[in-house]
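See structure below.
Chain nomenclature is as follows: A, B, C and D, assigned in order of appearance, with residue numbering initiated at 1 for each chain independently.
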Amino acid sequence: MLLITGASSGLGAALAKQYVNNGPMTLTGRNESRLTAIATNLSQTLAKEAPSIHTVVADLSNESSVIKLFDQLSAPPNMVIHCAGSGYFGALETQGVAEITQLLSNNVTSCILVVRELVKHYKNQAVTVVIVMSTAALAAKAGESTYCAAKWAVRGFIESVRLELKQSPMKLIAVYPGGMDTDFWPSSGKSLDSSNFMSADEAASMLKQALVATEHGYIADITIQRG
Amino acid sequence: MLLITGASSGLGAALAKQYVNNGPMTLTGRNESRLTAIATNLSQTLAKEAPSIHTVVADLSNESSVIKLFDQLSAPPNMVIHCAGSGYFGALETQGVAEITQLLSNNVTSCILVVRELVKHYKNQAVTVVIVMSTAALAAKAGESTYCAAKWAVRGFIESVRLELKQSPMKLIAVYPGGMDTDFWPSSGKSLDSSNFMSADEAASMLKQALVATEHGYIADITIQRG
Amino acid sequence: MLLITGASSGLGAALAKQYVNNGPMTLTGRNESRLTAIATNLSQTLAKEAPSIHTVVADLSNESSVIKLFDQLSAPPNMVIHCAGSGYFGALETQGVAEITQLLSNNVTSCILVVRELVKHYKNQAVTVVIVMSTAALAAKAGESTYCAAKWAVRGFIESVRLELKQSPMKLIAVYPGGMDTDFWPSSGKSLDSSNFMSADEAASMLKQALVATEHGYIADITIQRG
Amino acid sequence: MLLITGASSGLGAALAKQYVNNGPMTLTGRNESRLTAIATNLSQTLAKEAPSIHTVVADLSNESSVIKLFDQLSAPPNMVIHCAGSGYFGALETQGVAEITQLLSNNVTSCILVVRELVKHYKNQAVTVVIVMSTAALAAKAGESTYCAAKWAVRGFIESVRLELKQSPMKLIAVYPGGMDTDFWPSSGKSLDSSNFMSADEAASMLKQALVATEHGYIADITIQRG
């Protein structure tokens, strides 16, 4: 089973489309109506002998919501793609505290809670956990100070958990996409022309293809750039 | 005027001792009784023509508390040493959500709020802002996943704000100390023998000496290692 | 046309096998007999309407040899995979100067000369240049000090050239494979049991699949880990 | 005894001035006449009870020259400051092979040979080895591709040797200065106005002050920025 978080929009939704005919899938997101709409649309594209699509509304920055999500899974996932997250930008002195707190919660706390739960449940199983960050996790950027804080946090966290999982069959894959042409931008408060950015569908198709493993090895880190 | 955060214990308190005869000083911390005790002790070591020591109890992860702190400053600080922070350790699956949230708040939110306020007020003044992180901000560590998350967040944040301040006389200095022999360890839940770690006094004396600037340059990043 | 350097052994030879039916290919390496043997073997696996395999013996750390290589190309390459390189290991005090000089020459000078020539010739063309380094380019390792020097050099070089090519259609892809089960180890002087490392064929097949691009984006950095 | 490499100009010469009254000193450089001139000048500033200044002409990228240098030392150095190095800049396609080879030799090979010799001789002694790199060792820069290659190499090398010396009393200190107003620029072929850069004397005075250690700790990494 494949679990995709942040599946109600952007890269998460695009990945759901890419994987729809690959087997049973659980989609999770905060927005119930969007999530349902996406699942309904996907169902119509399903091949005949259709695998199931399951949706779970969850707020991943809330512990009991995360615990409930994993309790509801009918089977252990063999792959989890964690796309949940949000953006917030602007010169530091223009940023609001509520938005900053929300940003840390949506990106850092949610990732910690999801990975903690995965490690608790599946540490000894061959689960592939794909963490989608951003190129902002790799380099500092003016106008993105708190967003970089959030994304660097996730990177430091993932690199540390990798060390804890050295003897475990669970694998952590780190993905760093550059800017995509999605709803992320309008909702982040950053006004920019993203029309010739790659689409979420393009990024999702590249990511799906690049997530490859063989008997003795696997692609562990992937940067996806515009251009 | 020198402002030291996290001054009620550890490196912050040790730095207060180092700078006590260098001019007026404002000390801030969460714990009023400890802060007062430290200020009282310091007063007794003051040279004759004594500069003043001012204390402000503040919770730096709370916006109004941070705003009030800066409103109370009698003069713009020429240097701020931000030492506030806390530790929390252990294998990921053993960590509690309340503690994780607290950790992010104490280390990430507090730093963002303090630096945001400094940028708002003093962006166009030659204020030296020293941000004390940890070597955990530079490398991933097993057993310190959420602590590394918090510290990497601060590093990504500071590196980004530096880019925003490129044309500003305000300078951000990044300090990465290794483990010290302080109360940090007992309160972090990590049991280790820190008896031959450097003391906070040693680290503070080194840091004070290394925080040097000339007309056209300054020490911008400092790592302090044990050994 | 695809140009593969370091094609006479290891990952380079394995990539040649992967791409043999994808179009015309030029293979280059220092060892003429091995290079010829590989090309001969590959020719026997060619599909009927066979694309051509061309071989050029070249010492990439020698300027005139590099210039001659590019002069001999019948057509501009649309992709170049630079695999040439060698290893050398051991505690620093046991390393020999001749071997260190050779290591820097084989890994650093050769890469600089190849990329310099590519930039000179094809800066304004949509050439994809894949630079194969090692996970030793990403992290320091005891017993690999000069090898890390060589690989960090290549990474610093490639990251800098990327900045110079920002407006260019030429793309630089960075690949960081972990240890493979190849002749690299015996020839490096490091004795270790590499029998459950991934094979060069595994790494080559993953790399080929992960080297994906769409209209507005591409996979720019890839780490391949054992496990 | 203090050994300074690259002492015939720039930061090395400025450090010699800073340390002249601190005890016996050996200065080494490639240019005999400049080295002698600097030693002669320094002798005139010596305090009455003068420590000795010794000069050794050496090409640090040459093994026998490095071996001879250490054979000539009258006593084991307690500190070595390795400043030797050179610069070379420009868009990649404009760079010459002889200059690139020279750059790698002056910066990478020389550092490897010096540190190898130090480890061979003094691994079990409390020698402080200060390696002066550049901010170009920390970040990629357009127009500095081969210079970044050389400096990243040194950083990867030093970080690896640190791991090999974990149990050793020998300490490696990494120093990353930004651009200084020295002869480095004219000789590097880069034309830029360095008149409001920090002087080598400023950088040397800051560095001397920041190179501080206590019983249980020491400043291990220092970045010196302009501004």
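The criterion applied here is as follows: contacts are C-beta pairs under 8 Å (C-beta built on N, C-alpha and C of every residue); 3 or more make two chains touch, one makes a residue touch a chain.
Keep in mind that this is a model prediction, so the values were computed, not measured.
With steps allowed only between chains in touch, the distance from chain B over to chain C comes to 2. Looking at B-D and C-D side by side, the one with more C-beta contacts is C-D. With centres set at the average Cα position, the gap from chain C to chain D is 33 Å. If each chain is drawn as a node and touching chains are joined, the picture is one closed loop, every chain linked to exactly two others. Across the complex, chain C is touched by residues 63, 91-93, 95, 97, 100-101, 104, 108-109, 112-113, 115-116, 119-120, 123, 137, 140-146, 148-157, 159-164, 166 of chain D.
Within the complex formed with chain D, the chain B residues making contact are 171, 176, 178, 181, 196-199, 202-203, 205-206, 209-210, 212-227.
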